[in-house]
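Can you keep this structure in mind? I'll have questions shortly.
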Amino acid sequence: MRILVINPNSSSALTESVADAAQQVVATGTIISAINPSRGPAVIEGSFDEALATFHLIEEVERAERENPPDAYVIACFGDPGLDAVKELTDRPVVGVAEAAIHMSSFVAATFSIVSILPRVRKHLHELVRQAGATNRLASIKLPNLGVMAFHEDEHAALETLKQAAKEAVQEDGAESIVLGCAGMVGFARQLSDELGVPVIDPVEAACRVAESLVALGYQTSKANSYQKPTEKQYL
Amino acid sequence: MRILVINPNSSSALTESVADAAQQVVATGTIISAINPSRGPAVIEGSFDEALATFHLIEEVERAERENPPDAYVIACFGDPGLDAVKELTDRPVVGVAEAAIHMSSFVAATFSIVSILPRVRKHLHELVRQAGATNRLASIKLPNLGVMAFHEDEHAALETLKQAAKEAVQEDGAESIVLGCAGMVGFARQLSDELGVPVIDPVEAACRVAESLVALGYQTSKANSYQKPTEKQYL
Amino acid sequence: MRILVINPNSSSALTESVADAAQQVVATGTIISAINPSRGPAVIEGSFDEALATFHLIEEVERAERENPPDAYVIACFGDPGLDAVKELTDRPVVGVAEAAIHMSSFVAATFSIVSILPRVRKHLHELVRQAGATNRLASIKLPNLGVMAFHEDEHAALETLKQAAKEAVQEDGAESIVLGCAGMVGFARQLSDELGVPVIDPVEAACRVAESLVALGYQTSKANSYQKPTEKQYL
Amino acid sequence: MRILVINPNSSSALTESVADAAQQVVATGTIISAINPSRGPAVIEGSFDEALATFHLIEEVERAERENPPDAYVIACFGDPGLDAVKELTDRPVVGVAEAAIHMSSFVAATFSIVSILPRVRKHLHELVRQAGATNRLASIKLPNLGVMAFHEDEHAALETLKQAAKEAVQEDGAESIVLGCAGMVGFARQLSDELGVPVIDPVEAACRVAESLVALGYQTSKANSYQKPTEKQYL
Amino acid sequence: MRILVINPNSSSALTESVADAAQQVVATGTIISAINPSRGPAVIEGSFDEALATFHLIEEVERAERENPPDAYVIACFGDPGLDAVKELTDRPVVGVAEAAIHMSSFVAATFSIVSILPRVRKHLHELVRQAGATNRLASIKLPNLGVMAFHEDEHAALETLKQAAKEAVQEDGAESIVLGCAGMVGFARQLSDELGVPVIDPVEAACRVAESLVALGYQTSKANSYQKPTEKQYL
Amino acid sequence: MRILVINPNSSSALTESVADAAQQVVATGTIISAINPSRGPAVIEGSFDEALATFHLIEEVERAERENPPDAYVIACFGDPGLDAVKELTDRPVVGVAEAAIHMSSFVAATFSIVSILPRVRKHLHELVRQAGATNRLASIKLPNLGVMAFHEDEHAALETLKQAAKEAVQEDGAESIVLGCAGMVGFARQLSDELGVPVIDPVEAACRVAESLVALGYQTSKANSYQKPTEKQYL
């Protein structure tokens, strides 16, 4: 089985990190491939960035479908950009890392907090939580004013900030688990979980396991209605 | 005052129709300009189409902001594509035609039905209704299997189909008003309202009046948090 | 076009203020008339006051319908008293200032706070927000213990109190816009907006623009079901 | 203990009927008094009627508080008119018949349908159900186009219509109990329950038992915030 | 009329206390019997305890149905354990003390807080509030880290802790009434109400009055669907 | 890795069937063990059955924890009986088959219908859907009046009934996937999916893959609050 993880921003360093992390949690025999578009925003920190990234992400999916289709796709940005559009393009399972993390947290904890990046994404995160049906389980959204690049510029400081926010979520907001709200936080989950004493969900890892399970269970993206192939029309 | 109506699909015939209709409902002295991208899907009938159209819509907004900014923007496709992204790009009011139609219907009717196009968009319409806070007022969504182009191919037949669906909404589903769920239905509202005896909301007309009012009231898009200008970063 | 603004309390000074403010935001050619009942409570600060005021408001609407019907009605008290009752009495659009303000805020801001008067009205404001479908967008309700008359007794002090509450809403509660939750706050919106840097919605101004738009768009209050004319019966 | 049942319409025949029915379900020693205003609509079939009736209902409560206060009040119209206003006027418990019936049905059935009068009241009934927190338990609202007077004009025909609607609710909509949605249906509950085989809730009977219990338990209307006595002001 | 109060834990001291309290609020002629299983947990402080207690509670109900059926049952633990299971076993009304307290609070106060025991039950209390349809009325849940036994070990200290939590609920959280969230708090309501100046609901007392009313009104547990008698099958 | 599947009813034939099916979908190296209590109801068709089964299920978990703890538990009855109680007893992941199926369906379909057994379980299924946050995605619940034993008595007839109900869900109710709402339907998913053309979710298979993923990801049941070990107390 091969799962194609698409990092929708144009930062190939991040792409390698998430591929490495994902490969370690899937079963023997499951291959993780990872790519990113060569164009688009270096990081995704809002709706404008997301709209641009989605356009290039779609090109990658179209190429993969044409040339070398995987068994499933994972979209590795916590905004789940382009998720419905990609589901229209393929019969294969497509998993967003935010939806995967939020759903998986529900099996091990009654509540969760998302620890993510900049205050400006709060509205979008509330939307993702709502779409995953988890509004009642949400303890808080912590946005410690970290840009996505913070984890590459000064990893130590970023991790400290992250840890502090997560600790507040657990101790003050009643979070029984932490969902890391950015693909760029890859590699921090275990350490944080050990320190906090609650499950910490790495969204890319969670999504790759979900994708792998969907393939193993034989499920394909339903074409009954919402995710039908695009209707034929002229694209100028 | 000048309002720029952007039809996000690449069909210039539709652009002209909506401009004409909008010009007739705004106050004397308000100028409606209308454009569409030269690239992208000819019509928008799903999330894939919407993702492509949003990319080109954004280019039009960026050009308008640079070259000749209007007082407000209207995005003339009932999916409200790119609405949040565009709100990030400008201080000026930006109005989606779906949100405008749904909100305006609430002032004259306790319930409404949306009459729109293909069954595949049901999920997306439910999302729009929910985002407008109108789920409790929704009587039904009627999707009589009309493609967007139907109104250009055989207007008479399309109008009959539309009328039949609207009549069912009023008589069977309890709709006290009808929201036309496609910018391509422009020009039909008055005739339908006369025949049905309930308000029929043309979304482009409603949105242009809302945009005009926002300008007159002196409101600008809030930059406090969700709609801040995109953070600086590299766009490849 | 003529819009009749009815201040449902018996304070004619307020009636003049709201008429002046409203006249400045509508289009050339739109005439704002404003009246208030000669009987009933001087201000409306609860459900009892509202019940009394509604009775007298209805008499004013009945007289207007008989003698000199306007093109639309605006009910100028933030509790939207008698809104459904008045909608039954007329085919013309009827707009409550609270519903108008809450809906209009949604076009320019992802969230809003209401800054209003006495703590006792919290339940009622929550009801209004819910009826407008905006519960998810509500950042907070600020009730700085101001009576409606405060704005006439010591305008300067009242404005300071109001400003402080609004500032807290923006800085602590995440409000991206402010809705002024009392018709008596008329005339403060622009100054507050300039100081706070977010849109501040004057409810009477917003409602008059909405009413004007409904007339221009040709919408009438739906008589399909909920707002039918009262059934014939004996009124003792 | 004395409970004052106020029928807010001006039909004294109905007042007697509800008093008789209520007296039979309360404990020995509990006295039911019943009155109605001499003015206002003969029946209440919409928001306009309700606004007028509320005004006169309030006068009755004010007189009762002044002259001969009971231990609790019951407002005997299924729209629960003036409920919050009356709660402001008194420390004593005030019970609306709709809220009482909806809450009491929850103890004996997982779902319920309301069988009421005219289609025009659907919106208002949905509001009452929502305010009672019972939207998820609502199987259906049946509005068999009966005016309130139908039960006095041709009781047999009205009862047949009612029975048919209730039967449909049970057999087709999944109702596990029936709430009679009009005070004018008093006296029909037992017969209907016997025929349908499910609990049938008479709202006036339910409300009188609730009021009696609130008194016995020593609860008074909370004056902490929402239901404080009206603030002092001028009433012209 | 006889109401059987079942305390589902195995502490007979508590059983006597709740019986005494309940007997004082019901009408003359209503008899309160109270029992508890001889097996199971001494107190119920979580889902595991509740599962064990439910098993033994069911045995008590089966015996009562066989040997000496009462007119109604009250389950005297604030978790409402086994409520749906018991409703399947009998035609008679069955009332949970949590559902009764939450519903009854709505008649005298716009909002309420639950003051209960250990932080671990927060999720379960939120479920109970939601099932009673009262989420919108909930001001807060106060869990001052009291075990159920605290009220028997050092009543004075426990009462002080309880009072402090209730005071915070009223003064800081906007609670207009207090629901005591543990059957073990029996006997404290009046004193607390006097000190706090808001209604304080003792759940066992409220439930017994509700049960008594259901019997007086002639309602039985609906057997239409959800609460049908268990289907015949083998029980090993 | 070893996953212990506990069938909470006392039918060992079903236990074997679910074990066989589960073993086929997990990764090489994952071992499925399956047990059932020797006591309790033969099938679970309501809240009473569920309460009894939970008691015996708990005994099995306690024994497993003591004697031979697995890496994760799966509770193989679509009512998810005892789920929270079992989560209190162990640090290991515990997965209910209903929650797993409902969550997993969300990745491949916008909507789903549950096809289950007897009409009496409708309320309980709605609760499960709500707890999984999937109410908005629910197309319908189909209850074709099949007892759990039907699949063992006349498999062919039961399968036909099931197929018919699922077909209606897809064609009339808008279901884009089908969740099989009974562990006894094991083995039917693939055939149904082939015939219906949409994903059909076998709940036991889905739950075993989820449990396997939780172990692989290193998540344990959070002990932060809701699922703490039972407090110490006397169990008689």
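Things worth noting here:
A, B, C, D, E and F are the chain letters, set down in written order, and residue numbers restart from 1 in every chain.
The working rule: a contact is a pair of C-beta atoms (placed from the backbone, for glycine too) under 8 Å apart; a residue touches a chain by one contact, two chains touch by 3 or more.
Model, not experiment: these values are computed from the prediction.
Averaging Cα atoms per chain gives one point for each, and the point farthest from that of chain F is the centre of C. Residue-numbered contact pairs of D-E overlap by over half with those of A-F, the repeat interface among E-F, A-B or A-F.
Spacing of chain D relative to chain F, judged by their CA centroids, is 44 angstrom. Per-chain CA centroids place chain A at a distance of 52 Å from chain D.
Chain B and chain C have Cα centroids separated by 27 Å. Multi-chain contact residues of chain F (touching two or more other chains): 110-111, 122-123, 136, 174, 225-226.
Of all residues in chain D, those touching chain E in their complex are 25-29, 93-95, 99-100, 103-104, 106-111, 132-137, 170, 174-177, 190, 193, 197-199, 201-202, 205-206, 209-210, 212-214, 216-227.
The touching residues of chain F, when paired with chain E in their complex, are 10, 38-43, 45-52, 54-55, 58, 82, 84-85, 87-89, 118-120, 122-124, 147, 149, 225-226, 228, 230-231, 233-236.
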